[in-house]
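Two complexes come next, and they have one chain in common, subunit A, joined by subunit B in the first and subunit C in the second.
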Partner chain A sequence: MSIEVRNIHKHFGKFHALQDVNLHVQTGELVALLGPSGSGKTTLLRIIAGLEVADSGTVLFHGEDATDRHVRERQVGFVFQHYALFRHMTVFENVAFGLRVRKGKAKPLEGYIRARVSELLDLVQLGWLADRYPSQLSGGQRQRVALARALAVEPRVLLLDEPFGALDAKVRKELRRWLRRLQDDLRITSVFVTHDQEEALEVADRVVVMNEGKIEQVGAPDDVYDRPASRFVYNFLGDVNLFHGRVHQGQAQLGGLEVEVPEHNGTLDTAAVAFVRPHDVDVARYRSGGPTIEATVRHVKALGPRVRLYLERTEEGAEIEAELSRERFEELALAEGEKVYVSLRKLRVFVEDSLSAA
Partner chain B sequence: MHSGKSLASSTASNDPRRAVISEPPLVRYALLAVALGFLGLFLVMPLAAVFTEALSKGFRAYFGAMAHVDALAAIRLTLMTAAIAVPLNLVFGIAAAWAIAKFEFRGKDLLVTLIDVPFSVSPVISGLIFVLLFGLQGWLGPWLDDHDIRIIFAVPGIVLATIFITFPFVARELIPLMQAQGTEEEEAAVVMGASFWRTLWNVTLPNAKWGLVYGLILCNARAMGEFGAVSVVSGHVRGLTNTMPLHVEILYNEYDFVGAFAIASLLALLALVTLAAKSFVEWRARAAIREAIAMAEAEGGVA
Partner chain C sequence: MRAPDPLGREGAPRVALDGGVARFSGCWTIGRVGGVERELARLEWPRDRPLILDASRVTALDTAGAWLLESTRRALARSRHEVSVAGLRPDHEALVAMIRARVADRAESVRARSKGALARVGELAARSIRQLLGILGFVGESAFAATAVLRHPRRLRWRPVLHNIESAGFRALPITGLLSFLMGVVIAYQGATQLERYGANIFVADLVGLAMLRELSPLLTAIIVAGRSGSAYAAQIGTMKVTEEIDALRTVGIAPFDLLVLPKLIALTIALPLLVVYADALAVMGGMMMAKTSLGVGYADFLDRFEHAIDLPDYLVGIGKAPVFAAIIAVVGCYQGFQVSGDAESVGRQTTVSVVQSIFLVIVADAAFSVAFSYLGI
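Our next item is the complex of A and B:
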C-alpha cells in the first residue's frame, strides 16, 4: 500500500515542527527518514501512524484520505524506539495481543492465534523465548519481539521509530541487514526513522533527508550521497571538507586553487563554498600537473582498512581531512610533519544564494 | 578489563580492610541501642499496654466488650464507611493518575496541588467544611432540612468526611509510578487496535497494580482509623453514628477501660496487618519500579 503525505504542517507551541511536508512512498518500498534530532522525522512518522494529529494537510493510504481515520483503524504496524513491550506479558502474549483485541467476527480462534504467533516468532528466530518476559531479554531480542508484534496484525504499513537506536554497534549492524532481508521477503511498505546516515544508506530503498521541519532531499542512497541537493545534505551525509572562495563565470577561486565549475557558468563574482569528501582528496609527495594545494601532515589515524590524514594548508592554516586506503598510505610512506600536495578528485560548489537557502 | 573486574569482586568479599569504610563497633551498637530504645518506648510498650489493658479482666470481659451492641454497631459503621470510601477512592485515584500521567493539559499542576489539600488541612477543618456546607446553619442546610435529608450528625456525613480525608491516597501512589512508565505501551496497544477500556484493563492497570494495592491499603487504614474529621460531623450518637475510633473515646471517657481498649486492640490489629501488607506490597512495587527504570535505561541511550 502506498503512503502519501500532502502539505503537512505541525506546531508544538511556537515550534514549527513540520513545514509543508510532501512525501510519496511507493507500495513495497523501504524508506528512511533521516535527519538530526529536532528535524521533525519522528513527528512525521507519528502523523502517518495517527499517533499525532497534523495542524493541516492530508495523509493518504493507497490514494484514500486517512487523515481523520483513528489510529486503531489505520492498520499500521508501529515499532517504538524503546519497543514498548508489555512488561507483564510473556513474549507470546505480547505478539498475540493485536489478535486478541479483535472483536466480533474478526476475533480469531485460539488455534489460529497460536499458529500465527509461533510462525511470527520463528520468523524473528525467537520461538524458544515465547515464555519469557521482556525484562529477561537482551535489547536485540526485545527489538525483534517488537517487530513480530507489529507484524502480527498484518499491517498494511510498517513504521519504525529509531529501530536500532538503543542497540550496541554490532547488534545494530546485524539487525539492520536482517531487517533488509525481511523487507525483501515480506514487501510491506515501510518507513523508518533514523539519525544515523550509515543506517539509512545501507538499509533503505530511498532516503528522505530532513532538517528543521522540512524535507531537504529525497532520493536513492547513491543519489543523496553522490549528488546532495543542498549544503545541509552534503554536511549531514558523511564527513566533508569546506573551501571558501568565489565563483566567476564557471571558474571557482578557492584560496589558491582554481577549479572549473561548468554548472555555474552564468554566475558573476559571487561568494561560494566548495565541499569535498575526505575520500575524494588525493595526497601526493610531489606536485602533479593539475591544480594542487600545499599542506603539511599533522596527524595520521588508522581506522581499520582506511587511513585518515589531518592536513594543514600551508597558505591559510585551514584543516583538510583526507582518507586513503591503507595500500595508498603505505605506498606514500608519510610521517607527521611532512609536506604534501593535495588534489581534489571531486568537489561540489554551492554559490551564495543556495547557501542562504541551506 | 573483564579479568580486572572479576579480580576486584573476588577480593572484596574477604578483604580485612573493609573495616576502613565502616564505623567502630561501639558507635554502631550505640546507634542500634538508641533506635531500639525508641521503638520499645513509643511503639512496643503502647501496643503491649493496649492488649494488657484490654485483657486485664480476662478473655470473657474482652470478648464481651466487643460483642456489646454499641461496639458491634461501631464496627459495622466503620466497615461500611471503608467499603464505600475505598472503592470510590480507587475510581478517583485511577482517573486522576491516568489524566495526570498520560495526558498533557492546562491546569495539570493545579490538579496535582488540589489532590494534596486533604493532606495539608487539619482533619478538624475538613470536618468543619462539611458542617458549613450541609449543617443546619450551612449553605445547603435549609434546603436539605426542607427535604428531610440528614447529612451532618448522620452516616452520610461520616462517609463524606472519610472520602475527603482519604482521596489523595491512591492517586498519590499511582501518579509517580505511571509517570515513570510513560505512555508508549498504551500507544502500542492502541496502534494494534485495542479499545480504551481494553488498554486500561490489559496494559495500564497491570503495570500499576502494586502501586494501586499499596494506595488501597493506606487508604483503607486511614478510612477506618480517621478520628478528627469524623468526630466533627458525627454527633456521637451511640449505636448510630459512632465509628470505632469515636467509640473508643466515649468508652474511655466513661472509665470503661476494658471496653475502650478492646476496640482499640482491634484498631491496633488492623494497623499491624496493614503494616505487614504494606511492606510486602512495597517490596513488590519497588521491584516493579526498578524494572521499569532498568528497562528504560537499557533502552534509553538515544533520545
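Our next item is the complex of A and C:
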C-alpha cells in the first residue's frame, strides 16, 4: 500500500515542527527519514501513524484520504524506540495481544492466534523465548519482539521510530541487515526514522533527508550521498571539510587554491563554500602538478583500517580532515608536525544564493 | 604580535591595544584563553574614540573564546563605549552569533524570573483554571465512555475490572481495617473522658456510631485509597506513557481509555463502598472495646444503645458518599497519569500531584455533602 503525505504543517506551541511536507512512498518500499534531532522526522512518522494530528494537510493511504481515520483503522504496525512492550505479559502474550483484543466477528480463534504468534516468533528467531517476560530479554531481542507484535495485526504499513537507536553498535548492525532481509521477504511498505546516516544509507530503498521541519532531499542512497542537493545534506551525510572562497565565471578561488567549477559558469564574483569529504582529500609529501594546499600534520588517529589526519593549513590555520587507507599512510610515514601538500580529488561548490537557500 | 613567538608558544592568544583598535590574535580556545582574560581586564580602554575589536588574526576560536570576545564587547558597550567587532572569519562569526543569541536568551530568562507579584498570581490563576478545565474535560470523557459501556455492557473488559477490585479493594482490607479500628478506639477514648464527667457513659455508642459511620470512616477510607490506589493509577499510566506503551496500545487497536481508565473507575466505585462497610464495622468494634475498658460499658449495652442511636439513613449517608469519592480518586489519578510527558521525573511529580489533588477534592466534596445534608435535614 502506498502512502502519500500532502502539505503537512504541524506546530508545537510556537515551534514549527513540520513546514509544508510532501512525500510519496511507493508500495513495498522501505524509506528512511533521516535527520538530526528536532528535524521533525518522528513527528512526521507519528502523523502517518495517526498518533499525532497535523494542523493542516492530508495523509493518503493507497490514494484514499486517511487524515481523519483513527489509528486503529489505519492498520499500521508501529515499532517504538524503547520497545514499549507490555511488561506484565510474556513475549507470546505481547505478540498475541493485538489479535486477542479484537471483538466480535473480527476475533480470531485461539488456534489461529497460537499458530500466527509462533510463526511470527519464528520469523524473528525468538520462538524459544515465548514464555519469558520482556525484562528477561536483551535489547535486541526486545526490539525483535516489538517488531513481531507490530506484524501480528497484519499491518498494511510498517512504521519504525528509531528502532535500533537504543542498541549497541554491533547488535544494531546485525538487526538492520536482518530488517533489510525481512523487508525483502515481506515487502510491506515501511517507513523508518533514524538519525544515523550509515543506517539510512545501508537499509533504505530511498532516503528522505529532513532538517528543521522541511524535506531537504529525497533520493536513492547513492544519489543522496554522491549528489547532495544542499549544503545541509552534504554536511549531514558524513564528515566534511569546508573551504570558503569566491566563484567567478566557472573559476573558484578557495584560499590559494584555484579550481574549475563548470557548473557555476554563469556566476560572477560570488562568495562560495566548497565541501570536500575527508576521503576525497589526498595527502602527499611533495608538491605535485595540480593545485595543492600547504598544511601541517597536527594529529594522527587510526580508526581500524582507516587513518584520519587532522591537518592545519599553513596560510590561515583552518583545520582539514583527511582520511587515508592504512597502506597509504604507512607508505607516507607521516609524523605529527610534518609539512604536507594537500590536493582535493572531488569537491562540491555551493555559491552564496544556494547557501542562503540551504 | 604577528612575528613568530620567540618562546615557541605559537598561537597563544594575545591582545594588543593600539589607540582605539584592539588586535586579537592566536588560538582563542578553552585551554588557552584564561591568560588573555586577565590581560583584557587590565587594559585601559581609551574613552575619547570608538573602539574596534579586530579579530582578523584569531586563528582558532571555540565557544570559550567566542564568549570572552562577546562578553568583552558587552562590558564595553555597557560602560558607554562605542564598540564594534571586525575581521571575524565567517565560521567564527557564526560561533559568536550563537553565543550572542545564548547570552541574550539567558538575560531574557532572568528577566522572566523576576516577575511582579501580580503577574505571578495571574499566572497561578491561569494555570489552575487550565488544570480545572483539563480535569473537567477528562470527567466528560469518562462519563461519555461510561455511558457507552452501560449501553453495551459486553464491550467492557471485565478482567481488568476484577483485577482492579482485587488490588484496590481486597488488598486494602488489612490497612483500612486496622486504621478504622484505631480510629474507633481514639474517638471512644476522647469521648470517654468527657462523657464520664456527666455520667453519660452509654452515649459513647452515639458518639462512635455517628462520627464514624457518617463522616470519618468514608473519609478515612477514601484518603487511604487515594494514597494507595490513586497514586498507583497515576504512576502506572504515567510510566506507560513514558515508555510509549500507551501509543503501542493505540497502534494495536485499543483505546487506552477503555483499557486503562474505565475498568479502574468502575472497579473503584464498586470497591470503595464495600471498603467503607468493612471500615464501619471495624471502627464500631474498636469503639466498643474502648467503651468496655475505659467506661465499663459492656458489649451488650453498647450494641443495644447503638441500635437506638443510629438510624439507617446515617449509615447510608456514609456509604453513599463512597462512590463519589471513588470517582474523584480514579478520575484524578488517571488524569494525572495522562498528564505525564517525557521523562521519568515527570511520573513522580504527577503521582504526587494526583494524591494531593484527590485528597483535597475528597475533603471538599465531603464538606459539600455536609452542607447539602444539613440543608436537606438528613
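By definition in this document, the second predicted complex is superposed on the first by the 358 of 358 C-alpha atoms of A that agree within 3 Å, B and C clash if a C-alpha of one lies under 4 Å from a C-alpha of the other, contacts with A are read in each partner's own complex, and residues count from 1 in each chain.
The definition used in the following text is that a contact is a pair of C-beta atoms (placed from the backbone, for glycine too) under 8 Å apart; a residue touches a chain by one contact, two chains touch by 3 or more.
Keep in mind that this is a model prediction, so the values were computed, not measured.
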Clash or fit (per the criteria above) of subunit B with subunit C on subunit A: clash
Which of subunit B and subunit C A:Glu316 touches, first, second, both or neither: second
First (subunit B), second (subunit C), both or neither touched by A:Ser135: first
Partner chain in contact with A:Leu51 - subunit B first, subunit C second, else both or neither: both
Touched partner set for A:Phe78, first subunit B, second subunit C, both or neither: both
First (subunit B), second (subunit C), both or neither touched by A:Gly98: both
Partner chain(s) touched by A:Phe86 [first = subunit B, second = subunit C, both, neither]: both
Partner chain in contact with A:Arg177 - subunit B first, subunit C second, else both or neither: neither
Touching partner for A:Arg187 - first (subunit B), second (subunit C), both, neither: neither
First (subunit B), second (subunit C), both or neither touched by A:Lys346: neither
Subunit B region in steric overlap with subunit C, selected from 6-14, 24-32, 150-158 or 294-302: 150-158
Where subunit A meets both subunit C and subunit B, residue numbers: 49-51, 71-72, 76-78, 80-87, 97-98, 101-102, 149, 153
Parts of subunit A lying in touch with subunit B, wherever the complex brings them together: 37, 49-51, 71-74, 76-78, 80-88, 97-98, 101-102, 134-135, 139, 142, 149, 152-153, 162, 165-166, 195
Complex interface listing, subunit C residues touching subunit A: 11, 59-60, 89-91, 155, 243-245, 247-248, 250-255
Complex contact set, residues of subunit B against subunit A: 184-185, 187-195, 198, 202-203, 206-207, 291-292, 294-296, 298-303
Contact set on subunit A toward subunit C in their complex: 46, 49-51, 71-72, 76-78, 80-87, 97-98, 101-103, 149-150, 153, 242, 244, 316-318
